[in-house]
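Labels run A, B, C, D and E following the written order; every chain starts at residue 1.
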Amino acid sequence: MDFQIYVGIILFLIGTLGFVIRRNIIVCFMCIELMLNSVNLIFVTYSHQLKSAIGLMYAFIIMAVAAAEVAIGLAIIIMIHRLKNTVDMDQLNILKG
Amino acid sequence: MEQIPILSIVTFFPLIGVIILLMIDRENYGVQKGIAFIVTLINFFISLYVLYHFKEDTASMQFVESYPWIEKLGIYYFVGIDGISVLLFMLTTFLCPICILCSWTYIEKHVREFLIAMLFLEVGMLGAFIALDLFLFYIFWELMLIPMYFIIGVWGGKRRIYAAIKFVLYTLFGSVLMLIAILVLYFYVGSKTGVYTFNLLKLYETLAPYEVQVWLFAAFALSFAIKVPMFPLHTWLPDAHVEAPTAGSVILAGVLLKMGTYGFIRFAMGLFPHATQAATPLFVTLSIIGIIYGALVAMMQPDVKKLVAYSSVSHLGAVMLGLFSLNSQGIEGGIYQMLNHGLSTGALFIMIGMLYERRHTRLIEDFGGLTKAVPIFAVFFMIVTLSSIGLPGLNGFIGEFLIFMGAFKANKLWAVFAASSVILSAAYMLWMFQRVMFGPITKEENKNIKDLNLREISLMVPVILLFFVMGIFPNYFLNKMHTSVNSFIDRYNKSIAITTSQLEKQGIIKGGE
Amino acid sequence: MITTYISYIFSLLAIVFALSTIFQRNPVYSAASLIVVMIALAVNYLILNAEFIAAIQVIVYAGAIMVLFVFVVMLLNIKEVTKKSEQLSKGRLFGIILSVLFGIQLIVVALSAKTIITKGDILKYAGMDSTRIIGKVLFSDYLLPFEVVSIVLIVGIIGAVVLAKSKE
Amino acid sequence: MTELNINFWTIAPQIVLTIFGFLLMLIGSATRSKNFGNLHLIAVFGFLLALVANIYTMGNRQLGFSNMVMVDDLSTYFNIIFFISGIIVSFVSEGYIDGKIKHKGEYYALITFSVLGMTFISSSLDFIMLFLGLEIMSFSVYVLAGMFKKDIRSAESALKYFLLGSFSTAIFLLGIALLYGAFGTTNFAYMLQTYTKYFETEKSINLIAGSSLVLTGIIFKIAVVPFHMWTPDVYDGAPTSVTAFMATAVKASAFLMLIRVYLIGLRPLVFDVAGVIAILAIITMTVGNLSALPQKNIKRMLAYSSIAHAGYMLVGFVALNQISLSAIMFYLFSYVFMNVGAFTICSLFEKEGVGCELSDLSGKGFKHPFLGLMTVIFMFSMAGVPPTAGFIGKFYIFTGAIQSGYVSLAIIGVLNSAISAYYYLRVLVYMFFKDYEGGVSPNVLYPSTAIGLVLSAVGVLALGVIPGFLFNAATQAFTFLF
Amino acid sequence: MFNYIAAIPLFPAIGALINGILGTRFPKSLVHIIALTAIGSSFALSVKAFFQLLSLPPDQRIIEVTLYQWMASGDFSIDVAFLLDPLSAVMLLVVTGVGFLIHIYSTGYMHHDPSYSRFFTYLNLFVFAMLLLVMGNNFLMMFVGWEGVGLCSYLLIGFWFDDHANASAGKKAFVVNRVGDFGFILGMFMIFIIFGSLKYSDVFSRAESLLPYGGIMATAITLLLFVGATGKSAQIPLYVWLPDAMAGPTPVSALIHAATMVTAGVYMIARCNVLYSLAPFSLGVVATIGALTAIFAASMGLVQRDIKKVLAYSTISQLGYMFLGVGVAAYSAGVFHLMTHAFFKALLFLGAGSVIHAMGGEQDIMNMGGLRKHIPKTFLTFLIGTLAIAGTPGLAGFFSKDEILWQAFSSPHGHPLLWAVAAVAAGMTSFYMFRLTFLTFFGKERMDEHTKHHIHESPNSMVIPLMILAILSVLGGYVGVPEALGGSNHFHHFLDPIIKKVGKAEPHHYSHALEYGLMLTSVAIAVVGFILAYTMYIRRPDLPERLANNFQGLYKLLFNKYYVDEIYEFIFVKGCKNLGTLLWLKFDVPVIDGIVNGVGKVTMYLGENVRKIQTGYIQHYIVGILIGVVVVLGIFIF
C-alpha cells in the first residue's frame, strides 16, 4: 500500500479543518481546492497501486471540473464582495431560521 | 342485465352544478343559488330511484358498479349500496337541498364559492357512503374534508380559523392512521389469499388473527371515533359547530358525523370482528361516558349552538352504544338514530341559524320569550326539540328505544346508564328551550324580530314531516335494514366463532370452560 | 529508494504547507502556501508514474487556478477579519472535533484497507507510459466524459460571466 | 476494448439539450437589448424535442460509450421528470425574471444545461458520468441561485449553496476514490461483477467507507437531515423560479443518484444503506415538518416542506420493493407539478428582496380566484389530501413501506404528513379565511406563467384521479431489479 | 278493516291536527266546535264500545284492533294496536267523559285567552295521548301515550309561558316524569328480555309460567314499572312536580293533573296486575309508598294557602290511596277509586277554577271568603265535591275510599298499619278540604273592593259541567257498592276478567262486622277532621294563627312542604348544573381540549426550537454535514 493514501487523507482532513475554522470565504474555498487535490492524490495513488488508468482519468477530469468550479466560486465571491464589501462568512446570515 | 349506474350518477351529479356555476356571472347570486338548489333537488329526486328500487330481501350489495382504477394494486372503482348505507345515502341527498335553502340569506359573501363547496361536499359524502373499495372510501373520506374546511373557515364565525384547522387536523390525524391500517390489511389479506385487493367484500372473507385485528381495529376505530366523535376525542366538534355557518353545521351534524359511525359498522366492526368483541367494553364505556358527559356539559352551555354540539356528543354516544350492542335492535337502532340525529340536530342547527340571522347572537341569555314574537318558529323549534329528546311519535324515540333495548339485551347495566340520557336530554333541551322561547321578552331587540318567511317554512316542513313519518311508520325504514343488519350480525357471530376456535388451537384462550 | 525519500519529503512539505494554508492570516500567503502544496503533490504524482497529471497539476492548478485566486484576493483587497463572536467559536470548536473524528475514521479506514485487486486494466497498455495511456483511454473509453467536461467548463464560463460582470 | 462502442442514440436527448443550450445563449445575447420575450418558448421547445428524443430511445436497455451510459426505462422516465420540470419552470420563469434578470439567455441556457446534467446522471453507468452530470447540474444551479445579482439574499444563497455543495462534492469524490480503491473500477456494471467475485464473503472496509461517503454526498443533494441545513437558506434566497427548479428537478436527480448508485453499482450494500436511511428518513421528515411549522415566509416554509417530502420519499427507498421504488418516481413526478406550482404562486405574491410573507396573502384568494384555486390545488396536494397527486404519491410510498413491513415508518410518515397539513392549510387560511386588507397586489400574471400553473394543476389532478398509467410505467421502470 | 275502536283516539288527533295547523286562522267558535266534536265523537264511540263490551259474555270481553306493524327489529316487533277490555273501557269512559266535560268547561274558562286554539289543540292532543295510553295493547303503546301525556302536561303547564315560573313548572313536570319513564323503559326492556314480546296478551298469559312467584325478575320488573308510576302519578319520591303543575290553566289541572293523566300509574299497575301479584315484595312497596304518600301529601295540604295547591296535594294524597289499593292487590278497588276520584276531583278543580274565574285570577284562599253568596252554583257543586272526597257516606268517595281502607286491612297483602295510616290521612283530607271550603265560601270577605265588585257567577258552559260532575260524584259510587253494604259490586265483577288470581296467599276471611266497624271508624275520623276545620275556620278564626305561632317549626315545615323541593333542587338540579359546569370548565376545556391544544402547542414549540438550529452561519451548516458524515461513516465502519 502506498503511503500517499495517508497523505491524501491527511490533506483532506486539513482541508476540512480549514473550512471549519476559517471565516474568510476565499480561504475556505482554497480549502476545498485542497480537498480536491487530496482526492486527486488518492486517485493517482490508487491508479498506481491498482495499475489502473481510471484513477488518472479522474485526476484529469477533476482538475477540469475544479477549474470551472473556481471560476464560478470566485465569481460568486466577487458578487458577494460587491454587495456586502466583505468576504467574512459570519457576516452572511440574512437567511436563517 | 345491464343497469344504469345510478349510484355514480347521483354521486357525481352535483358536479354538473359546479360546472354551471363556474360559467355564471360572479355577481348573479340569485341565479347561482337557484341553480345549486335545483341541482341538489334534482339529485334528491334521482336518488329516490335508488330508494324505490332497493330490494329489501337481499343482504348483498345492490346497484353495484365496478371498474378497474389502479389495477396494479387491485384498486377498483367499486360502489354499491345495502341496507346499512341506503338510508344514509338518502339522508345526504335529502339534506343538501335543505342546506342550500337554509343558507340562502345566511351566506352573504362569496356565494358562488360557497355553493361550489357545498356541491363538492355532497359528492364526497355520497361517495363515502357507496364506496366498497377501501381505497375509494378513503379518497371520498378525505375529499369531504376540503369543502368542509372552507365552509367553516371562510363562512364561519369569529374563531373560524381555529375551528377549521382543528377540525381538519384532528380528522386527518385519525384518518392517516386508518390509511396505514388499510394498507396493512391489504397486504395481510393479499399474502394470505394471493389476491391483492381493496375490495371490502373480499376483505371481509379473510379474517386476520386476533393480534393483527386488534391493531388494525385500533387504527380504524381511532379514525372513526374522532369523526363520530366519541368522548374524549370530541373537542373539535363544539368548536367546529359553533363556528361553522348553518349549512356547515347541518352537514357536519347531519352527515359527516355519521361517517364515523357508518365507518364503524361497515369497516371497523365488519372487518375485525374479534377485535370488536375485545374492544366492546372500552367502546361501550366511552359511549356511555359520552352520553352522560355530553348531556351534562351541554346543559351548562351559554351558546345554543354549543349546547346542540355537545348534545351531539351525547346522541352519537347512544348510536355507538347501539352499534356495539351487536344485536339487531342495537344496530338497527343505531342506524336509525344516525338518521334521526342527522335530521333533528340538523333541523336544530337550521333553526338556530335562523335565529342568528335575525339577532346575530347565539347566546341563550340574549333571547327569552321569543315565542311571542315568532310563533311559527316556536312551533317548529318545539317539534325539533322534542324530536331531539326522543319523544314517542317522533323519529328520535324509535332510535333511542331500539338502542337502549339492544343495549339492555347485551348488558343490562349499559342500558341503565345510557337510558339516563332520557332524563338529561329532556333537562338540557327543555331548559334551553325555556330560556330561549319562554318567559317575558326582556330584550328590546327581540320584540321585533320577524317570524319565518315562506322559504324558511318550506324548508322546515319536509324535515318536520319526516320526523313524524319516521316516528309513526318506522317500519318502512327499518325494513330496509333488516336483511343487511342480520347478515352483518350473522357474519360477526360466525367470525367470532372461527377466530375463537383458532385462538383455542393456539392455546391463547382456553376453551371448554 | 531515493524516490521514496523524495516522496516522503514532498509529502511532508505538502502537509506542512497545507497547514500553513489554513493557518495563515493573510489570504495571499494562504494562496501561496497552497501553490506549494500543489507543487509538492505534483512531485508525488511524478513518483507515482503520473507524469501527465503532474504536468497539468502544475500548469492548471498551481498555475492557472491559483493565479486566479491570488488575482481575486488582490482585486478585492481582502484583509483578514479579526472580530470573533463567542457563539461561533463554540461552533468552530465542535467543527474541529468533528473533523478530527472524521479524520480518525478515514485513517482507520486507510489503515485497515486491503487492496484486493492488483491487476487493473492498465496491463492492456503494457509498455506505454502514463501519458500515452491517458491519451488512449481518454479517447476511447472515456470519450464521453472527456467531451462532457467541456460542458462543465462552459457552465463555469457562463457562470463567471453572468455573476462577476459588474455593469450591465 | 479497443473497438469503440459508441451509441449516439443513448445520448440523443443530451445532444438536443446541448444544442439548445448554446442556441439559447446565442439568441439571448443577440436579443439582449431588444428584451426578447420568447426565450422561454425556445427552452420549452428544446425540452420538448429532448422529450421526443427521450421517448424515442425508450424501450430496450441500451449501453453506449464503453458502458459509460445506459439508457433504460428508469433513465427515460426520470428524464421525463426533468424535462417536465424544465418545461414548467421555463414557462413560469419568464414572468418572474422579466425585468429582473438581464441575462435571460444565460438563464434559460443554464436551466437547459442543468437538465442536461441531470440526464447524464440518469443514464450514467459509471461514477465518472454521475459525477460530471452532478457537477454540470450543480454548477448551473449555483449560478442560477445567484442570478439576482443585486439581491444580497440571492448572492448569499448562491454562496452557501456553492460552498456547501463543493464541500459535499469533495466528500463524494473521496468516496468515489475509496470505492475505486476497493474495486479498481468505477463502472457500476463492473463493480457488481467485482463484488460478486471478491467481496461476497468479506466486505472490504474501503468499500464500506467509500459507499458511505458517496451516500453522504448524495443525501446532501437530497437534503437529508443533518445535511439539509443549506436547503432553507438557499431555497429562500434563490430566485423563486430557480427554487422551484431546485426543489423538483435537482431533488429528483438526487434521488435518481441514490437509486442508480445503490440499486445498480453498490446493490449488495443496499440493505445496509437502507437501514441507515430509515433512521435518517424519520429525522428528516420530522425536522422538516417541525421547522416548517412556525415559518411565516412561504418560500421558506416550502423549503422546509421539501425537506419533509424528501423524508417521505426516502421511506420509499428504505422499503426497497417494486411498489415503493415506483412510488418514489411517482412522487417525484407529482412533486414536480405541485411544488413548481406552489413556488410559482409564491413568486407571484413576492415583494422584491423580502419574499412572500403569509400575511401578504390575506384575503387574496377570493380577490384573485384563479390564483386562489391554484393555491388550493397545490396546497392540498402537498398536504396529501385526495384527489390530488400528492395523496397518491404518499399512498404509494406508504403502501410500499408496509409491503416491506415498515409499518412504524409508515405511521411516523403519515403522522408527519398530518402535521404538515397544518402549515399548508395555513396558507389557505390566509388566502381565504382572513379578510382582504388591500396590501400589495400580486405581480403581473404573464400568460406563460398562467400556462405553467394550469399545466401543474392539471398534472396534479390528473395524477390524482388517474394515477394508474404512470404508476404502471414506474413499476415497469423498476422491473429490472426484481 | 278499519274498526271504529281505532277511531276513538283518532278523533282527538285529527282535532288537534286541524286546530294546531289552522287554529290561529279560525274564529274561536270554530276552534271549539272542532275540539268538542273530536272529543265528543270519541266519547260517543267509547260509550258504544262499552256497551258492545257489555253485550259480550264476561270472559270474552276483549277486542283487539291491530292497525299496522309499528316497528320490527330482529326478534322484536311491535304493532300499533288497540285493546278494548273492561279496564280500558272504564278508563275510556273516564277519559273521554271527564275530558268532554272539561272541554266544555274550557270554552267558558279560556274564552278570553288569546291562545284559544292552542289550548284546544293541546287538550285534544292530550286526550289522544291518554287514549293511546289506555287503549294500547302493548307496553310500548302505553309508553307512547305515557310520554305523550307527559308532553301535553308540559305544554299545558307552561301554557302561559310568559312567566318563567310557569315554564319552569312545565319543564319540571316533564323532567321528573322522565325520571319515572326511565324506570318504565327499563322495566319494559326487562319484560321484553323475559317474554320476548311487549304485548299484554303475550306477557300476561305467560307470566305465571315464566316468572316464579316472588322471584327477583318479577320484583325487578314491577318495581321498575312502579318507578314510572311514581313519576306519572306523583308518588313519593317523584311527586314534586304536581303542586307546581298547578301553574297551568285550571281545566288542565282538572283534566290532566287530577282526573286522568296522573292516574295512569294506577291504570298501569292494574293492567299489570298479574305481574304485581307475582311480586309480593313490589306490592308491599307500592302499598307502603301509596300510604306514605297519602298521609305525607295530606299533611302538606293542611296549611297551603293556594286553592289549587290544596287540591294538588289532595290529588297526590288520593293517588296515594289508589296505590295503596292496588298495592294490596285490590286492583279493582284502586281503579274504582280512580274513577270516583276523577269525578270529584275534576269537580273540585273546575269549581276552584270557577272561583278563580270569579275572583279574577286570585288563588290565595286567605284573600277569599264568603263567596257562597256570590257564586252559589259553584259553591254548591264544590261542597258536593268536598263531601265526596271527605268520604261522606253515600257519596262516591265513600264507597271507593272505604273499599281501599278495608282492603288495606283485610287483603292478604294488607296490614293494619296501612289501614291506620290511610285512615289518619282520610281525617286530614276531611280537615283540609273543609278548611278550604270554609275559607273560600264562608266567613268574612277578605278580598279587596275592586275584586269584590267583579265577582260573578261563571257562564253556563262552566257551570253545567260542574253540575254533571257533581251528579257523578254523588252517584258514581253506586256502581261499586260493596257486598257488605248490600250492593252487588258491579264494578268489580266487570273488571274481574282482567284481574288474574295468582299467588299462594289466601285471602283472610273477616266478618262483615269488622268491616262495618272500620267503616265507622274512618267516617268518624273524617268527622273529626270536619269538626276541627269547623272549629278553626268558622268558630275560632284566630285559632289557626295561634296554632301556627305556637308550632312555628311544624307549621313552617308543612308550609314549605318539608323542604323537599329545596332538597331536590339542591341535590339534583344544582348537583347536575354544578357537575355540568365542573365538567365543562374544569375538565372539558382545560383537560381534554387542553391536551388537544397542548399537542399542537408542543409541536409548535418544538418547531420554534428546531428552526433555531438554522443559524444562517455556513460553518454551522458544515458542522451539521460533518456530524452526518461522521455518524454515517461511523455506523458503517464500526
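Here is the rule we use: a contact is a pair of C-beta atoms (placed from the backbone, for glycine too) under 8 Å apart; a residue touches a chain by one contact, two chains touch by 3 or more.
Everything numeric in this text was worked out from a predicted model, so none of it was measured.
Trainee: On the document's contact criterion, could you list the chains that touch chain A and likewise touch chain B?
Mentor: The shared contacts of chain A and chain B, listed by label, come to D, E.
Trainee: State which chains count as neighbours of chain D and simultaneously of chain E.
Mentor: The common neighbours are A, B, C.
Trainee: Measuring between Cα centroids, what's the chain most distant from chain D?
Mentor: Centroid comparison gives E as the farthest chain from chain D.
Trainee: Quick check for the class: compute each chain's Cα centroid; which one is farthest from the centroid of chain C?
Mentor: Chain E.
Trainee: Could you state the distance in Å from the CA-based centre of chain B to that of chain E?
Mentor: 37
Trainee: Taking each chain's centre as the mean position of its Cα atoms, how many Å separate chain B from chain D?
Mentor: The answer is 42 Å.
Trainee: Please report how many Å separate the Cα centroid of chain A from that of chain D, as a whole number.
Mentor: Inter-chain centre distance comes to 25 Å.
Trainee: Whole-Å distance, chain C centre to chain D centre, using C-alpha means?
Mentor: Whole-Å distance between the two chain centres: 30.
Trainee: Multi-chain contacts in chain C: which residues touch at least two other chains?
Mentor: 88, 92, 95, 98-99, 102, 105-106, 109, 113, 115, 117, 120-121, 142, 145, 149, 152, 155-156, 159, 161-163, in rising order.
Trainee: At which residue positions does chain B touch at least two other chains?
Mentor: In chain B, the residues touching two or more other chains are 169.
Trainee: Provide the list of chain E residues touching at least two other chains, using ranges where the numbers run on.
Mentor: Answer for chain E, listing residues that touch two or more other chains: 600, 611, 614-620, 622-623, 626-627, 629, 633, 637.
Trainee: Pairwise, which chains touch?
Mentor: By the stated definition, chains touch in these pairs: A-C, A-D, A-E, B-D, B-E, C-D, C-E, D-E.
Trainee: So in the complex, the part of chain E that touches chain C is made up of which residues?
Mentor: For chain E paired with chain C, touching residues are 615, 617, 619-620, 622-623, 626-627, 629-630, 633-634, 637.
Trainee: Give every residue of chain C touching chain D within the complex, in rising order.
Mentor: By the definition above, chain C touches chain D via 105-106, 109, 112-117, 120-121, 124, 140-145, 148-149, 151-152, 154-156, 158-159, 161-163, 168.
Trainee: Can you check the complex and tell me which residues of chain D touch chain A?
Mentor: Its residues touching chain A are 128, 131-132, 135, 139, 142-143, 146, 149-150, 152-153, 155-160, 162-163, 166-167, 170, 173-174, 176-178, 180-181, 184-186, 232-234, 236-237, 300.
Trainee: Would you pull the chain C residues touching chain E in the complex into a rising list?
Mentor: Counting only chain C, the residues touching chain E are 87-88, 91-92, 94-95, 98-99, 101-102, 105, 108-109.
Trainee: Which bits of chain A are touching chain E when the two form their complex?
Mentor: Spelled out, the residues of chain A in touch with chain E are 16, 19-20, 23, 28, 89-90, 92-97.
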